[in-house]
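What follows is a set of structures to go through.
In the two complexes below, subunit A is the common chain; its partner is subunit B in one and subunit C in the other.
So, the complex of A and B:
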């Protein structure tokens, strides 16, 4: 029999006189918590399945590509085309995760609690956008980085595709910013997560279908001058155009793209429109 | 309790008009330290006043200050120093109370380790034990209200705004919540502004009560002045209500009939006398007593009185 050595005392209410960090740190904490949540960390096991499964699918071409490089000494998977090649997977990830970031706070009315603290609407929106953008960047950058490391280790004949790799990383930043702002903008208009998922995936399928359809119609009727414009209705081709204009990577599409400068402006306009939409939506939700 | 130099909050000619309704109409009021009750019927402007005091809603005209800070320009500083428990539900169902309160502490600027400690402390103080590790979706209304209170207190504010904290609670839950609010105001040393549409429940915990109606100030005074006027007991008997009323009136008590209820004004100088008189009268007349209770002061009673 051991004697109890510890005694619990009721010491009453204690005031907190430690450090109080500023708005920036609170925003950072919200962003980090959101980013962890996108990949299911700190959530239920069920919430981890989808993001980790999609991440695994994203890595599959990398594994195949490294295998082919090692065994057949052939380079089959160019870095700049990775995102366009895997666009369906990225779109599903975006659709599955952007509503998670914004819908519960609207549905369960947690937003007023954030705003009753030293956190502004803009801080909240910035934290959520940044979390999704970092997640998407990771989703794209991790596979191509692993492939690049693999390429260096396998040591193929000829120089490594360093410029392509760096260009693709720059492109990944563009994809992350564009897709996260569009995803959050679409998802934040409904407090219902299921509906948000449907809206985001429908947006992707609609733009992809319209883009392909218009391109086919325009090129078959001999309007080859305007046909490339139809392509950039698809956000993935839009970023690919900008990526090849800015970083000099080879476009995934052989038929040619509209002028790079126009695509850059369109990309900026879409991002600005989406972010403004989100801010306006939350200004309204806050009052 | 001494009044401090800066009042908890003060408003001056505060007016808020929405497109179709005037929520606050030229409201000038101030509250000192301790527990202040804000009473008004639904739609009287209580929640609007709290939103303005938090610096989240600009008033149409007039000024307001909280802890000496101007709500129009120093909203961030105010929100750093106060806590807010909203009237509506605000808890995501799939995370635990601990995780939620830790997160809310971080949103108030506490570092992660401090947030964990404070969250555990605060949840213990509001009376949430093992269940704090379970997802909040399965909580009872009483537990949910406690978590809402905990998130308002976790960053150790100087002042908390509690919007209808007893909403939806059963009588026992109400008593527990009111006792907790009293502790926050006294033992924790945090000033409290608590709203309710029941004056009767606030008189038990408040030092000072502000009554608003239709966005206008009806009355603002220390609780003693309210309770003096409010002391009544309600009596319900099966038959012979009139005989009882006559008997009590003959004994010099002030009696009024309200449907099946008799309300008897408790004598201010000798409260025991009235209670004894009711007991004796019921016994002597051989009536079957159905109900005998301390009447909760109701907001309508204040409305009947002239504005002080």
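So, the complex of A and C:
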């Protein structure tokens, strides 16, 4: 019987003795990292092309509008209508970027790794929703803010459109919250990024086409009382209705919208439905 | 054309969540037609609007996008295409097979639902139903070919396809008349216009331009897909 010769060496692993920052900071970190990722920062060059290109397209009308203000002294692009005017670009941004936020984590089944930290399912969902909402707000707010600064610098005759600008900023918050919750809800149902993009864009194209179609048919047959309801099937017109009701901006559609209070309730209901959908989806994905 | 590859691709397309989008959109078209029929009764103008803006303008590019990229892009994304490419099957044959699968799916789903919806609204009046069915059939085939090509050219095939369908055909085509000449939707509409004699409908691109353009684009896209597959490099996912 020989004595055991094995030894345990202390190779100097050390415990973490610092402050543990907890759930809030974990959520914040995930949110910031997701937000950077939406614009392609911290990712490959190829991932940066799409979001930055779309951002550049969003800025084009601003550049044109500032040019016209400086040279022709005319105000051509009202702030509250910017999002409706650029809705196709915003929809493409939403469709292209919301699957990035949720699909890879589902596809590579790394959700349990996140949840082994202090982060809860709700924190994860909140971080992802907030990241996309902030990104969309930036996409909407940066062009109109640049245009507003341009308007102040050019100093057109007459007062600046400050109320319109602030109303449009408020509207941008609404657009960001509605679109991000719907985008994440739709994208999180598939772990495939390509299919996620298709689902989100199909949602936008479908609602936009149906709303235009029914509006045209209903108003051409003289049912002017129902026609505006068809219009708000399109999420962009829904938010525009709420925006003009809450902030008193001029509506894009001259023929009138349904009553603002109803539109507000519909907006809230859609957001609540989408967020509940995401939460339920992740309760299932996490287990 | 390789039947084994076609069989596998059909199963991959029809057995997943993808099928829901392929079914939902055509069903929605028929439901919309039924709703409009309830609201308005038989109405040729409504039928033409529905066909132009929804069937050809919304459903067709989406179906083309889902089917065209769906037959090849997921395999590239997962890297499983390497098993297919390592088999002694010529790459152009693989491309043609994938194209046939995608085109047949789009053609069936788009054409059948288009005919049903148009028939619900107009019956067989002035050839609206047959015209748009023909347009959807050939437009769908062209879309399938173009989006199949996109699927092998780029990782972001769906996003690029969406930009083409929404921004180029929708927004740019709306403001710049010249852009409409290079839009599959418009070619499909000129086919439809050739058959239908509806006074509410006129296409902007002549048939003499649309048909050759459609053939060139479809054949060109499939051939290019085959060439591209011969030298496909698989890079890691970001």
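As a convention for this text, the second predicted complex is superposed on the first by the 275 of 287 C-alpha atoms of A that agree within 3 Å, B and C clash if a C-alpha of one lies under 4 Å from a C-alpha of the other, contacts with A are read in each partner's own complex, and residues count from 1 in each chain.
Rule of thumb we're sticking to: a contact is a pair of C-beta atoms (placed from the backbone, for glycine too) under 8 Å apart; a residue touches a chain by one contact, two chains touch by 3 or more.
Please read all numbers here as calculations on a predicted model, not as lab measurements.
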Touching partner for A:22 - first (subunit B), second (subunit C), both, neither: first
First, second, both or neither for A:190, with subunit B first and subunit C second: second
Touched partner set for A:113, first subunit B, second subunit C, both or neither: first
Touched partner set for A:96, first subunit B, second subunit C, both or neither: second
Touching partner for A:42 - first (subunit B), second (subunit C), both, neither: first
Partner chain in contact with A:14 - subunit B first, subunit C second, else both or neither: first
Partner chain in contact with A:277 - subunit B first, subunit C second, else both or neither: neither
Partner chain in contact with A:205 - subunit B first, subunit C second, else both or neither: second
Footprint overlap on subunit A, comparing subunit B with subunit C: 43-44
Residues of subunit A touching subunit B in the complex: 12-16, 18-23, 25-26, 29-30, 33, 42-44, 104-105, 108-110, 112-120, 286-287
Sites on subunit B touched by subunit A in the complex: 54, 56-57, 76-77, 79-80, 82-84, 86, 88-95, 99, 103-104, 106-112, 114, 118, 121, 125, 151, 155-156, 187-189
Contact set on subunit C toward subunit A in their complex: 17-18, 21, 25, 28, 32, 36, 39-40, 45-46, 49-50, 53-54, 57-58, 61-62, 65-66, 69-70, 73-74, 77, 155-159, 162-163, 166-167, 170-171, 238
Of all residues in subunit A, those that touch subunit C in their complex: 43-44, 46-47, 50, 88-89, 91-92, 95-96, 189-190, 192-195, 197-199, 201-202, 205-206, 208-210, 212-213, 216-218, 220-221, 223
